[in-house]
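Per-chain residue numbering starts at 1, and chain names A, B, C, D, E, F and G are given in the order in which the chains are listed.
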């Protein structure tokens, strides 16, 4: 139990997927400063990352390793992830049409984000068990969602009451802010 | 979206995927040996350098692979032996063996002089032990020194188990892992020695 | 053409006279007791660090204002005030160039890239502090010894706790000494005398420059958390009094957590912010690699400030439900 | 006060009191740096079913309004609950260790838990959301064809 | 050949599975999108300026393809772009003339009176809310440059005399300045227009004279003198009809306040107009 | 009966001798300029032509319905001009009638009107809250909602003003008559008089004149408690939202200020105002002035000369409107005059908010002023609405305390204007 | 034609330099910019993948149905990436160890897919190659600029060589992840300043 707890803290904060491992920056930079869409998108990312992580793990263990074609991992994973999102979209529409209707916009936003793929590869690289894969993927994605959410909050504030110099507006200031968030997470180093 | 379109889609993607995979398999076959060499060079060579002495060839090039057993599914498992030579004379022979440690398997490179069946030295290649604790099996040179220059007949078990090896305080599991690896290696060596055609 | 005689603008036409300069001056005055306390303990080096920090902060502020083509506003004293707060976090042994580098980082990343005072989401002082701590841990952790002969411990109280556990803390650091900053207890400039910090903090509250809510809930969160764990296992965790008085608890509660741009402004927002800072301080002190967590805690929690500010009171009339006449 | 968002779309078909409306993915997509790459076959449009109380006809441009709070809540139900089910299932699976293989057991139990959660969500959604109008996107305004 | 075959078969099978799922998805979510919308969108400038009245360039593209907007619907695009779009869609483009903005007020600090000294937000719309704006003339330019800020094409700048000036080379005629000005001072004219009355005041002459030296007093001399009958009075303000005016300049001489003047374009667009 | 306490808001220092200074009459002007719109209703239609002779109290502008208040000649004499585009204090362009005095001050006899509300409309009585509203309009709204209480607002809009408090002392009988009249019109049973604690004693005579169900609520000095919403909260402990579809009479009360009540009690058309004239050097005078008198004349009477580069404010310094010229006439929406010298003029700064939170703490409507003002500045009107910009009563407390002097009220007004423009445009 | 080829090539160095100009492919630019050496390695890997994918995508552009085009493109890109991975393992093993997971992650680098989708899909092979080469080298240039700043100021070295005085203590903050974000952000800001200057000059 404790090792899972540590893994969660580490994946969410100490080795935060965005701020420390540098993955999934595009959505963090690109998504608007709307807090609501950050929430929705965060939830969707948690879902997709976990699904992709576990599916890739299963495919790695049951197909690639059995057949000895681990080197095709990159090719196979990316195909799997691209398809998975479509599959999930169909599934969602079948499971809960009214809900899907209310928020279908978030799902496809995230297929090509390097974090989903990166987490899937990390799971294999760090030789996680299935349970670890699940926990790690989910915690990483939650870490992502937290950054997204905090960033949306900070950007909303900058937009309303800030005066970022014109030449730093948009991407530059978002990146610098991400750096500051990463800096503050240094405070959690050694939390174990 | 007509059926024809779907079939076209399926066809194109299947073919593209298959062609990509085929191409990659070809590239893989071409580079396989070189990759293996590089991996050995960068992962095993440091260990080999530590334990092999007095040779003038490249043990990595002069390596041989032998089937040394079967795994759970019944497939062959092979071991690579690195041959250190002086002139054309084989002075020692190194190979890797594993034991299980605290954080996962521990790989141990063992060098044996075939002439007098003496363990010349051991070095840990791969491990995932607790830093500062289990990693003393690498960081503490006196630990691996206990294995050096001892005949194969020596008891490489921990002193707790009646052997000659003093475990690292607080890292018994890691120590046991190394000792097991060495014992297993010696077994393996003795089993395949006839095949080695020395 | 006739020139117009009267001025027109939108109301209100009068102003309280409150100004940034005034607020910053109050902040500087509030920190003076702490500087004096450190001066009594460490001597002239204290003044050296304080003066370099304030001067270089003003210098960088002016340079960056030029660079970003802003009007020069160093006279609002904000650079001086933040420079002083920054000095509070440094050990007096710190080399001058680290201070200068730190104030550059503080002014650039904690102010000007965001467009000036008030726009920054993070406190520049904390940005500079953490950047330096990561870059020069040796210098940042080079604790001065107040005098050489009667030395009781080489470390500040919290480092001592981290290194050696909670045993003998009470002998090494009597409460009275912790509070007054006497008897050779070392630390950064602002961590010496808790009495001085308390005076300064109350001064700020009385002058209505900061709200009492943040420091109060910060210290409540910190002592509450410390008490719980101390009751559970006094052999691992130090006493709440110790945590309250050791290190930068009071400095952070009164002078960092209340930093205007980066702390919430709504009442409940402030309560939760303070509590979370206090708890986070204890989490970092107890389980991370760092001995002192108060500064990190404020830094981390300020990330959530926009959300704390969403806990705003219901606007006047929002609770109105029925159109039925009220019986009077 | 609930927050609302509105977007523009075009009616493509009518079904009783609802209409299917084609709209650009979202205004959020416009600021996304990977705009358009997200969808493996490049869909830039999506179709929503919206309440058509204003009586829009096919081909008309309409404004659609939807409740953002409903959206956030829905995304938690739809995305987070199945994940929690998967996690719990996998945890249970690992513990009971079917077939002496914790990984295999975790996969099997986890997936079954997730499937069950999907079924429950389906029931819940059918029970709750079909009735509650606030979660339905609504056509609020017909913009004449020529203007806008 | 074993490993290669394994790879081909496995990944080929995965590709097939993937494409099947994609196929089903494509069927489930099928929406017909006219491919020409994308093509037209590629041709448009992509500035999303909103000058066309649509939410963005893509929306205009859709409208053009569906015939709801003309091929030259984009105000910011050059005529070549409109022509390209027209050829792509096989439609004709009416050669609507290019429009540019002009500032219809000449009442700068030296010539127009102010009611009071304004202190407050540097935004004309906000200044208008303080006692109705500081300009004595309720029609005159407030000169705080809100239109300059609003122009996305850098076509406006604040002149030395406190009135905005138009660079007609850069002006695309998007009309953002027209929309944002609280006093509707910038207005669009066809680029070929020769003369204009640079005033917006509908006050009677007596009032205008009291507060502004360069306002239109509605005396009607220009109307009388115009050989082309190109000038009308609209509530004490003279208005030039560009379709009739030939630029003879007779009215310029007659105007007592000199407010009716030749339209001066920046060099490049002058050539284009010629 | 206990009054609630205003949360937020400001305790402003003010000259205390205002309540003790009796009304002085300002001499009637020789020429009166009377704008034909002096309240929030529509403009009145002119009832006189150039060269007509008029008597005091003669209707010169007629409102079309209960949403307006008619306008009367404040002096007798000849109409010399009808100005079509007169710029009023607020900058609106309205018609105005210029009357040359014949020095007679002769009143006209207006015919009696039986419907009391129409009578108020015809008498041109207005009520001043944050804006000038025709009293008839206010009462009409109350009458349809079954109101049972009348709240008399005897508090001055700003603490620096004292005319309402003084009126209470000087004309209690008129006020009592007015209250009686309105009690009858609305059929209300209870009267609450909210009054500055310093003007407390003067109310007792009114109370005794009215008898039983009259309650007096003394309040300490806190700005902006004289706003109707706040008074209703003190009395009923219910907060009325500043939103569409809800109005104060919905809780069964209506607020009327004492000056309107005195006017009702006088039973004559409104041709004069009771004002406090102050400057920031502590000069206070309460005056009675004829409508149409130039502000300059009033100031001359009070011995105040406005500075070049100073300000003349219609109202008090917190919520008054800056007057463009001292030649503008006194109108019904004037509640006071405050003169600032050049030195006291506060310039708003073009600086950023440091988020000190003082504005949030002080806002009586519990808004987040720096947010709504920031959203307005950035053109983020939807967000501003989400933060309830429309609830702001523009009291100015936020800006008063702001250390960086952000012109928040102007930004908020600007934002509200943009929002309403967008609404009406789209 | 030749002019266009040159044009497509050179635009990648300033006008459309990624990720500085567009917020594309930020992640690798942050991750591998600690040292100039790894930036160069990553850059060249991307150049290879970009060229290969652009050429192949352009070659098959007319036979791939629209609906699966992205799936086909990523298959092609993934193939290129695996080739790089294998070759790097075979011949540049230490670099492979440094770049680690970032080699497979090229497959989702928005720049690569972005060029396939925005350019190669619509243009002939030669132009696409030129575009890929230009964009790839531009990407490399960005990485080198950022990593140079970080390595020199952070460590006092450049490509491993000491370039600042021996006494320079280094500023470790820049070598850590937050430093990467900050330097990237500041470089973007400086780029904006420069291009605004250039624009003013031409205008």
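The rule is short, and it goes like this: a contact is a pair of C-beta atoms (placed from the backbone, for glycine too) under 8 Å apart; a residue touches a chain by one contact, two chains touch by 3 or more.
As the structure is a prediction and not an experimental result, all values here were calculated from the model.
Enquirer: Work out, leaving chain E out and holding the others fixed, how the remaining chains group together by touching.
Expert: Without chain E, the chains stay as one piece.
Enquirer: If you tally the C-beta contacts, which comes out ahead, E-G or A-G?
Expert: Higher C-beta contact count between the two pairs: A-G.
Enquirer: What is the chain whose Cα centroid lies farthest from the Cα centroid of chain C?
Expert: B
Enquirer: Whole-Å distance, chain B centre to chain F centre, using C-alpha means?
Expert: Here chain B and chain F have centroids separated by 93 Å.
Enquirer: Using CA atom averages as chain centres, what separation in Å is found between chain B and chain E?
Expert: About 75 Å separates the centre of chain B from that of chain E.
Enquirer: Centroid of chain B to centroid of chain C, CA atoms only: how many Å?
Expert: 55
Enquirer: Rounded to a whole Å, what is the gap between the Cα centroids of chain D and chain G?
Expert: Centres of chain D and chain G (C-alpha means) sit 36 Å apart.
Enquirer: Using the touch rule from the top of the page, what residues of chain F touch 2 or more other chains?
Expert: Within chain F, the residues that touch at least two other chains are 309, 321-325, 345, 347-348, 352-353, 355, 370, 388, 407, 410, 413.
Enquirer: Residues of chain A that touch two or more other chains: which are they?
Expert: Touching at least two other chains: 26, 29-30, 69, 71-72, 75, 79, 82-83, 86, 112-113, 156, 161-163, 165, 168, 173, 176, 179-180, 183, 186.
Enquirer: Among the residues of chain D, which ones contact at least 2 other chains?
Expert: Within chain D, the residues that touch at least two other chains are 3, 33-34, 37, 39-41, 43, 46.
Enquirer: Of all residues in chain E, which touch chain F in the complex?
Expert: 115-117, 119-123, 125-126, 129-133, 138, 203-204, 207
Enquirer: So in the complex, the part of chain E that touches chain B is made up of which residues?
Expert: Residues in contact with chain B: 3-4, 6-16, 18-20, 22-23, 26-27, 30.
Enquirer: Please output the residues of chain D touching chain A within their complex, sorted ascending.
Expert: By the definition above, chain D touches chain A via 3, 5, 25-26, 28-29, 31-34, 37-40, 43, 46, 48-49, 66-72, 74-80, 82-83, 86-87, 90-91, 94, 102-103, 106-107, 110, 118, 121-122, 125-126, 129-130, 135-137.
Enquirer: Give every residue of chain B touching chain G within the complex, in rising order.
Expert: By the definition above, chain B touches chain G via 1, 5, 8-9, 12-13, 16-17, 20, 23-24, 27-28, 31, 34-35, 38-39, 41-42.
Enquirer: Tell me, which parts of chain G touch chain B in their complex?
Expert: Counting only chain G, the residues touching chain B are 60, 63-65, 67-68, 71-72, 75-76, 78-79, 82-83, 86-87, 89-91, 93-94, 97.
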